[in-house]
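Beneath this line is the structure, given in structure tokens, with notes to follow.
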Amino acid sequence: MGVDILPLVTSIVTFYGIYLILALSFNIEYGFAGQPNFGKVFFYSIGAYVAGNFTANMLMRASGVTGVDFCSDLAAEVRFKVAMSKPWLIIALFLLSLLIAAAVGGVFGYLTSYPALRLSGDFLAIVLLAFGEIGRVFARNYTPLVCGVYGLSGVPNPLVWIGDPRMARLAYSAIVLAIAFGMYLLTERLVNSPYGRLLKSIRDDELVSSVMGKVTPRVKGSALIIGSSMAAVAGVLYAFYVQTVVADDFIPIVTFVVVTMVMLGGVANNKGTLLGAMVMTLMDRLTRASFLRILGISVGFDISYVRYIVTGLLIILILMVKPEGLISEKPLKTPAIEEAEKLS
Amino acid sequence: MAEEKKGLKYGLAASVLLNIILLAGVAWALTHPKVVEKPAPAGPAPTVTVTVTATKTVTPTAPAAPAGIIEYPIGLAIAVSGPYAVEGPYRRDAALLAIEHVNKMLEAAGSPIRFKPIHEDSKGTAEGAIAALEALAAAGVKVVVGPLSSKEVRAVKSFADAHKIVCISPSSTAPGLAVPDDYIFRVVQTDVAQAKALAQVVAELGYTKVAIIGRDDDYGRGIADMFEKLFTEKYGGTVKKLMYTPDLPDYSTEVQRLAEMVSDLGADEKTAVLIIAFDADGLNILGHARLNPVLSKVRWFGSESLKRPTFIPPKAPAEIGEFVVSVKLTGLFPSPERNPVTEFFEKEYRSKYGKDPTPYSYYAYDAAWLACLSVLAAGKYDGEAVKKVLPTVAEKYIGASGYKKLDENGDCAGSDYRIWTVVVEAGEYKFKEVGVWSFATEKVSFFG
Amino acid sequence: MLQLAAPLLTALLLGSLYTLMALGLTMTYAVTSIPNFAHAEFVTIGAYIMAVAVNFGKLGLVGGLASAFLFAALVALATDELVFKKLAALGATPLHLLTASIGVGLVLRYTLSIVADLKGLLSVKTRVVVNPVATIGQAYLTTLHLWAVPTTLAVVAVLHLVFMKTKIGKAMRAMASNLDLARVSGINTTLVRRVTWVIAGGLAGVAGGFWSVYSPINPETGWVALLWIFAASILGGFRSFYGTVLGGYVVGFSESLGITFLSRYLGVNVAYKPMIALLIIVVVFLWKPTGLAEVTPRGLLESLKKAVGR
Amino acid sequence: MEILKLEGVRKYFGGVRAVDGVSFSVEEGALLGIIGPNGSGKTTLFNVISGVYKPDSGKIYFMGERIDGLEPHEVFKKGIVRSFQNPRLFLGMTVIENLMIPPRGQIGENPVKALFRGLWARQERSLAKKALEIIRAHQLTQVRLNWSGEVSGGQMKLIEISRALMGEPKLLLLDEPTAGVAPKLAREIFERIVKLRDELGLTFMIIEHRLDVLFDYVERVLVMHQGKIICDGPPDYVVKDERVVDAYLGE
């Protein structure tokens, strides 16, 4: 059989990009600022909801078709047709979705600083986990958002007008990767600065940080705003890739995957995150029966469950063998360090 | 600072690797505008009318596989975790069994062709489904059994169309997915047909008030909403709905609310309950309902998913069996319900896995058979060719779940529904056919 | 009043089961600072052992529950010895331990899935008939009430005695309030830790055993119930034994009564039910992280006095 | 001129009267020692002044302004910087980074501006140079790039003081600056403190257990016992006070 590597490449690249953004955002919040945002999937879902709802509504409006149920598959078809015929519209909607989602995500991130002011560590993690579930239960019941339990389909690939769907997917995955690397570079700039140092001071000793004149609630809030905006951007990228937004897909396990990526790579270390996200994505895609078949390996049993067990074991092993992650934390690359290094 | 350099190296390595993967993809895409297919050797073109019963005669004296075996992969995008943790494995096993049977047939015929199942857990989520399809596509799979739920099917539809991968879903029933000329086929009727038939059966049996308790997911909502619409608009009945979140540990509170709703409706001989549930939630609900005096008094109807061995003894506890008999739990099932293939499938499934198949397992078995037969009929392993030939193959096929003729949308063409209820005969619990709903005439007739 | 009887009786039974499940979670958190997400799997394992022991081993109710206790306790002990204890020795933070417990949960849950899948036990119920013994209007008191509720109360009473009277119980309390102090004051912390895990896992197993009588179970049963277990434990203050007992029942009651009222009088969709447990977690943590732990008869009296005095 | 004035400041923890009606004032440029047995309320007093705890009652004035009830970062902004008894360094940072935390008005602490290095790099470099000078003055140059957890106990104390100095304080509250430090270094530290006071006009309040060293440098000593100030005066006056002797003997 012809092995067709392209879908796998698209898949790996896109999901690597999406999860890299999520992991970077978790790294800012937890790795640097010490705020374990275990509600990550909630902010991710916000991006997807915004992208889905906004894009679908706008496309329906642009189509001029009325009287069609917004949630129906017919409406989804209509939206695809509009997107096919109006490249600039769908691109504009895509870009606008990114902006709106980032803003909405930021607002919700700011609200998160309320629990973050009162709680820390495992308590905060559990509350935010519960927050995420509240968001999901709400979204699955509140139909106007993303069509409740049916989910909203027909969020077209912004490059659907290219014609060849395979190329459109590939090109889109390149866009996702580019945005993800852009996010990586931005994150690197953001944290290798007095701001990054400030975040770390709160993580290391919040009280001392405030005695040293830092308005810690505001700083925590800013980290959560940034992290949540980024997660929402990832949600937008996800929605436009999968082209379907279903509330029930945003379950806590997504957060756990992100947490594992950061812990595996090494906290407070964006290169580690780069690596952790890579390892986890590749592990998910390459331990499948399909990939093993490409390599000519045939397993005699269903490896689906085994993959989850391996993921669990991996989490445990990292924490036992290399609690600091694959790449350990480094001093921030600020001019202060350069000055100190100059001295010899 | 050696540490830092190492870190940099990791980071660089990661990004370089990623870029290489991406570039490889681009290069591949440019040099392989279309996947190159090895011309499939002309196998013994089987007459499509070969049904599963043919395998009955196959003796398992397997000669050593001759050299030059040609293996075609059949993808199984079937969720076995998350919402389908319980139900998924049954369907996966049924599909595996079908492929085993096909291979036995081919072996006996001396054909060099074999089918190789590749299972991917689609996790019951859109992301999981698309990832599963992508992985299968990479392995060169062109024919897939699955995904299970309508939301997963929606998520993979554009991908399947783009990559010319035929997906045969054994259980997606959302009416909206009925799209002509796509790569999605569904071997089960949509919710519309079942809701229509159910509404008519309930109305003709003289019930005017129905309290629905159903899963709040695309399956439960699909039937409940459609039923409500038809039952109120067409038959002037009253409907109260209680939709519950699936995958909760317990539903006793919901059952109490249901009892209150039934009381509000009068709880008389004109009041009935319609339950739309899967195994875990359904058994929990029935377990509570049997203890409730109001709910024990009224007639119960059930969705197709209630016709599972799980719900009657010996699989189910005896007390649940007694309850479903006493409330005359009645539902529908696409007919013809039983045929020799059904018997054969059940026997083989039981002897191989030591458990009874669930209703949708029959469809999974047929979906897998159709997948294999279509590849054979197409004469080559090519999505486009399989897609073209599949409706014809299906039209001539009778499987464990009956006739599989497809309509112009590639979905199971409407068929008659048999009306079943649960009875005890000689101490044994059984689903008994008591009537039929005709697809052609939309008429209900009861036996005897 | 009759209308209230049904949700109340439900709450009594569910509250007992949640309490049994949550007690172990609280104990391991108090003594070892692990917010153990794998606690759910102990419940599932207990449920499976019960079903297998009764349906196939013909062990009977008591024998089934005993083997559920034993097996779940062993698994709990093993997870601590193999994973958590080592991590704690490495100085892992509670958050790291939480993450590790998610990993442990994955391993246990899917190992069980493989076994259940192979043995055709993906959905199974313990074959013990639950019958009504008394009805009040539409409400019914069942045989399961008569087993589960007294068992829970007995467990609470026995544990109370253990904590108050025995050396090991006192050592547990000491470790829960101050680990370092307990260590220097010569308490055998290793032993106490082991006993804690055995009891925690065992109780979860017993709760799972009852659950498999109550309703069919599958490999995700415990995982699905985890939200309620956490809600009960957190409502109880997360470290408090008595708080948890109260928490389990309050969660049971507030959910059962809450959704009944909301649905009956405000027409709220019943599908919002899980929100109640989730909101309990959020509100308690944000508003009063000590939960119900500080609620004592004396404390209530004093706050009443204050209120009157004002 | 009075730089700090406390009037009837109280802080109770349940039944424990940690600070029980303390009133005193400090002149600008003073070098004030605070002594007293363990648990006499010295550290709590620092915590109340620096805003870590809110006083239950009483007033605190700093340069004529009420500061009681302010948040720690607001107190810092007024010019009061403190160190901690057990060094509380930012362990995930190097020594130099620890010193870079307190400086005020760092442009790059704004997340948006942080993205544009040009906006803050110059400021950062000049701050870093200042930090490196302080580091040199405290003989920490060797360890400036070490993780702050990977230095000796004495060095930690020095880093604490250096970090406090980076906050450009008017009033420095030092909590046992020489605890765990070799006697020779302890004296060096105090000599530096005197020098800082003389050169920069800073005011110091120092909690200290090494009375022998302390008394050689400070001009005034407050003695605390059970939350109250039982004696206030020059060192040679304080040592002769009976109440002080009793308090220490009763320890």
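For clarity, chains are labelled A, B, C and D in written order, and residue numbers in each chain start from 1.
Everything below uses one rule, namely that a contact is a pair of C-beta atoms (placed from the backbone, for glycine too) under 8 Å apart; a residue touches a chain by one contact, two chains touch by 3 or more.
Predicted, not measured: the structure shown is a model, and the values here were computed from it.
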Would you mind checking which chain's mean C-alpha position lies nearest the centre of all protein C-alpha atoms?
A
Greatest centre-to-centre gap (Cα means) from chain C is with chain D
Mean-CA-position distance for chain D and chain A (Å)
44
Distance from chain B to chain A - Cα centre to Cα centre, in angstrom
32
In whole angstrom, what separates the CA-based centres of chain C and chain D?
48
When centres are defined as mean Cα positions, the distance from chain B to chain D in whole Å is 72
Interface hub residues of chain B, defined as touching at least two other chains:
80-81, 216, 245
Two or more other chains touching the same residue: where does that happen in chain C?
110, 113, 117, 269, 271-272, 274
Multi-chain contacts in chain A, i.e. residues touching at least two other chains, fall at 137, 140-141, 302, 305, 308
Per the touch rule above, enumerate the chain pairs that touch, sorted by label.
A-B, A-C, A-D, B-C
In the complex of these two chains, what residues of chain A are touching chain C?
36, 114-115, 118-119, 121-123, 125-127, 130-131, 133-134, 137-138, 140-141, 256, 259-260, 263, 302, 305-306, 308-309, 311-316, 319-320, 323
Within the complex, which stretch of chain C touches chain B?
3, 6-7, 10, 13-14, 110, 113, 117, 119-120, 122-123, 125, 127, 129-132, 135, 138, 140, 142, 211, 214-221, 224-225, 228, 255-256, 259-260, 263-264, 269-274
Which positions of chain B touch chain C when the two form their complex?
80-81, 85-86, 89-90, 216, 242-245, 247-250, 252-254, 256-257, 259-260, 263, 279-280, 283-284, 287, 291-294, 310, 316-319, 353-355
In the complex, chain A residues that touch chain B:
1-13, 15-16, 72-74, 76-77, 80, 137, 140-141, 148-151, 153, 157, 165-167, 169-170, 173-174, 177, 181, 238, 241-246, 248-249, 251, 269-272, 274-275, 278, 284-285, 288-291, 293-294, 298, 302, 304-305, 307-308, 326-328, 330
Chain A-facing residues of chain D, complex
50-52, 71-73, 75-77, 81-82, 84, 88-94, 96-97, 100-102, 104, 106-111, 114-115, 117, 120-121, 124-125, 127-129, 131-132, 141, 144-145, 163, 167
